[in-house]
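A, B, C and D label the chains in the order they appear, each numbered from 1.
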Amino acid sequence: MKLAYAKKPLREIFGETLVELGALHPQLLVLDADLNTSSRTVLFKQKYPDRFIQAGIAEANLFGLAAGLAAQGYVTFPSTFAAFAARKALDQVYVNIAYPKLDVKIAGSYCGMTATECGPSHNCAEDLAVMRSLPHVKVCDPGDNRELRAMMHAMMATPGPIYFRVSKVNAPELFADGHEFTFGRGHLLREGSDVALIGTGFMTAVALGAAELLDREGISAAVAHMPSIKPIDEELIGKLARQTGALVTIENHRIYGGLGGAVAEVTARDYPVHVDAMGLGDTVFEAAPLQDLLRHYELTPRALAARARALTQRKRRASAA
Amino acid sequence: MKLAYAKKPLREIFGETLVELGALHPQLLVLDADLNTSSRTVLFKQKYPDRFIQAGIAEANLFGLAAGLAAQGYVTFPSTFAAFAARKALDQVYVNIAYPKLDVKIAGSYCGMTATECGPSHNCAEDLAVMRSLPHVKVCDPGDNRELRAMMHAMMATPGPIYFRVSKVNAPELFADGHEFTFGRGHLLREGSDVALIGTGFMTAVALGAAELLDREGISAAVAHMPSIKPIDEELIGKLARQTGALVTIENHRIYGGLGGAVAEVTARDYPVHVDAMGLGDTVFEAAPLQDLLRHYELTPRALAARARALTQRKRRASAA
Amino acid sequence: MKHLSPGQQRVIADKAFGVRRLCLEFITAAGWGHIGGSFSEAELLACLYSEILHLDPKKPDDPRRDRFILSKAHASPALYATLALSGFIPVDRLFTYCRLDGLDGHTQRGQCPGIEYSGGSLGTGLSYAAGIALGLRLADNFASRVYCLIGDGECNEGQIWEAAMSAAQYRLDNLTAIVDYNKVMAKGKMSDLMAIDPLRDKFAAFGWTVIEIDGHDLAEICLAFHRAKYLEMNGRPIAVIAHTVKGRGLPEAEFNYQWHTHAPSPAQAKAFLADLNRTYSRNEKFSRKLVAPKDGGLEAVVTADLK
Amino acid sequence: MKHLSPGQQRVIADKAFGVRRLCLEFITAAGWGHIGGSFSEAELLACLYSEILHLDPKKPDDPRRDRFILSKAHASPALYATLALSGFIPVDRLFTYCRLDGLDGHTQRGQCPGIEYSGGSLGTGLSYAAGIALGLRLADNFASRVYCLIGDGECNEGQIWEAAMSAAQYRLDNLTAIVDYNKVMAKGKMSDLMAIDPLRDKFAAFGWTVIEIDGHDLAEICLAFHRAKYLEMNGRPIAVIAHTVKGRGLPEAEFNYQWHTHAPSPAQAKAFLADLNRTYSRNEKFSRKLVAPKDGGLEAVVTADLK
């Protein structure tokens, strides 16, 4: 199955959907920390200047303001780079938003390696683990433009804190119009019996590519997409664990406590099978163009196929023994 | 085996060991953020006033100063509550300390539920997950006074960033004089064949208690203590997985991405067995005395024994089927 | 400009004394709490809740209410006591302080009527208060005002200055920050640990109108808030720097960081009440017999299960 | 007090021009980089590295060296170019900017000689610089000074004020902060987004000596640093507020936030070099043919593997 790639990057859809939601929800406010043309909240700013709040380069205050506004009945979308939401302002996100369960929707843009040339100070390979470790916060990483849009619509019907990822990547078109997003629901994109590849965000495209490579050598790989990391689709994980007995996760994130960690926590509790987690190891995403980063850190269809192949062989040996 | 409990709380040993190390290492500096009599760095302050730096109530600056000093060849021990190291100053810990691998040893006191009456703003049930998600950072939670002391001595022989937990708890005396701490090394405290209980920090005392209760009903429970959470003792985890096929972890922390997560990541990758993670769920540690918190959140020998019993039964049913 | 009648003065003074007495009682019963910062803010809270804040205990969520944010949330005992003495919560509720399902050691939004903010992490309250003030503007609510009480040590936190900068940028003159300038933080004197002087210049340089007062003088306090409310609506947020005495009312605790966070024994509490009666020439008693709690901690829990 | 000879002036002016020309070249080659903030700081860096900093490219780790911290690390291109023109790194190294195993888009401690600090997260540099200054004191090193260049937008960050407060508390007069006050942040004018005026009053209220200069006037810059070094050793850290023009030298980029972070096409770069030659009445050329990189991104990687 040949994937088409979106003409518009995810961040553009983020901005457009904010404008769309702004028309439907007068209580929706957007807050920025001097990044609006990068995050694309500028689109909302142009349409609703009175509902756009510029907090300057002060992320702690950004989230404190968003919390105070939410306490008055507004639904606030404070937006900055993932690094500054998950790292710089984590205390404010926890104590003023997560703990009191306020209605704040946090968009972490330039997530994972997608700050690219910005280098390790901006690339953020820990936001999923950090946000997942907080109480009451839903954590998501959309796979394509339609899913991001559906996700943002779902947020407005879902009270409480939500963290979701945005990037400047042109995502593959995984889904058709009318695609539905539900918190805690994943999607089986491809059936398979030997191994299951589980992706989140745009990395699911890599999983689909790997499945194709594996298919060419007669290995049947299922592919699942997990846009909702907390809560995560335990049922789908269980189904794949039973069907294949071998899972490989791939994420634009460090391999500690993110998608791989969340999946391992579920399988270890309920369906003990092998889970091989692919992502960044105990290091940082250096500065480089996206294509070079994907290759250097071996987050490619070829690399994933190799890991999946090794795991299926291991599984065969184990069952043979 | 009846446990004796230390007369002195862990934090007192932290302060005393700083003084001890101060005499051995003239380049050791201690930094405080207006908490020295609580964290007990006050002992170092009294002994080495010129090597004690008061940063005031400004945790971001605390870690920035510690990084700049470390860059000049000092080994710095910035100390504050776990909540303010892992949350308030996470960006500084990441960008100025973890990423450049500076020689900073971060003591997170009042960890987990041990801020007790301070309530959810101070109790910190995410520090292990957060610190584990960062690159280059070793993460530890000592089980008793002798281990904390050994751990701090080991740090001085181990370059690079380290995060370790301290509390005001009187820990059980798990180890004898001369106990050695090695990063990545766990300890098997009790042999067992039906199930393995894995604890970290002072929660290992709860695991030992539970093993005793299980023993009374004829269930043979191994008990392992994991003071080093990153790196973690994969060999010991593998051994326990093979021997018992059923692990229960218990930690003074939320169950996402901490000890339970680290263990599940290892077993899922290499030794697929059941891992039941006990700790705090998707909520906060409310304000109350420690004994009430342990009971309310069901982090007691009885509760752990019940979970372990259920898991062994489940395992039996599975192997029977 | 409104002045306080002797009658009003008495009502407020009674409330301030009652706050101190109650704090002594329930902090002793809880075995935990912050006396120093509760006693330094007693008059400020008594004035706010008697004369200044538009609040109705029967309608604690009235959108047109004034908002009060205790950024220095560790000093919640004085706030809880003030709420009890102002009809928001029954006095008995105070004795659930730091118990499971009781009042939080700091503050939890919505945990009891009158608590707007989940606090405890210093430095976060003024941003939150500025957010509320901004929200009131966006809702065209010009009736309500926002008051935020911050600690002097808390002014070490950079976020206070981020919030200050933004409140000036947004021209939030419906926001009043009050600094409980009691000269002492948790472990010592501000001047020794991390000085914030000249504090007036700092707020002025950040675009605020500054009013400096004696934070224990009821008339000065009320006058300052009236000025803030009626005279200073010029687009600038208002900082009231209240010079106070940490632990005010207890000779042993005054300016003594060792009473920043420490609970007295029942015996000490009795002696402290005597001190209070002497200081304020009164003759009040505790409402109940005080017993110190004990926490057996980990050992108690483990050994109990193994019985 | 030392003054600049015409000869020294020429050397510094040449370096500042060279920095701009090189930045244009390697930012274009990388297809990424911050022109606005690099051009506003060019004269500041040229003066520091020609006349002020005690640094030896042959001994970049000499403990008695001065330390320079670029807190506004996104403007690293100008620093890298300055290091190249000062003998710390070969000019070719500049063309590895933003490539794997090349120079970081911000700065990485130890990645190349002369880089002391891993930066990119705004607000963190001044604390780090204060830590170094404190470390020098503890080591009885009174020879070395610490210079930290921060952005004006960066002054929105509360951590800058935490660091400022502590540097005054520690009496770090071996620390000089330089604010590149170019009036523009990433997405617009400071005054529209989050104003920091009156900046002089802010630093003064935080206990610093303040010197205000034209950040493009070589004589004024050097004079200010000499004053900071020789005249102002009174226990107060020194803030040099350098009034600059963001994008200085390129009419299109001056005070234009759209050139805060944006790489020109090779054609644009040529035109910009012409502008530079006109502005500074020179006639320099690029050292190599410029080609814009292209990043096929996710699609390129996935489709290539499926070939």
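Here, contacts are C-beta pairs under 8 Å (C-beta built on N, C-alpha and C of every residue); 3 or more make two chains touch, one makes a residue touch a chain.
It should be emphasised that the depicted structure is a prediction, and the values quoted were computed from it without experimental measurement.
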item: Number of hops, chain C to chain D, where each hop joins two touching chains; value: 1
item: Which of B-C and B-D has more C-beta pairs touching across its chains; value: B-C
item: Longest centre-to-centre distance from chain A, chain (CA-based); value: C
item: Centre-of-Cα separation between chain D and chain A, whole angstrom; value: 35
item: Chain A-chain C separation of Cα centroids, rounded to whole Å; value: 41
item: Multi-partner residues of chain A (each touching 2 or more other chains); value: 55-56, 58, 60-61, 83-84, 87-88, 91, 95, 99, 120-121
item: Two or more partner chains touched - positions in chain C; value: 108, 118-121, 123, 156-159, 162, 165-166, 169, 194
item: Graph class of chain-chain contacts, one of line, ring, star, complete, other; value: complete
item: Complex contact set, residues of chain B against chain C; value: 3, 5, 32, 34-38, 42, 54-58, 60-61, 83-84, 87-88, 116-122, 169-172, 202, 205-206, 209, 212-213, 286-296, 300-302
item: In the complex, chain B residues that touch chain D; value: 29, 50-51, 53, 55-56, 58, 60-61, 63-74, 91-92, 95-96, 99-100
item: Residues on chain D engaged by chain C in the complex (per definition of touch); value: 123, 156-162, 165-166, 168-169, 194-196, 198, 201-202, 204-206
item: Contacting residues of chain B [partner chain A, same complex]; value: 83-84, 86-91, 94-95, 99, 120-121, 125-126, 129-130, 132-136, 230, 254-258, 260-265, 267-270, 272-277, 282-284
item: Complex interface listing, chain D residues touching chain B; value: 108-110, 116-121, 123-124, 126-136, 138-139, 158-159, 162-163, 165-166, 169
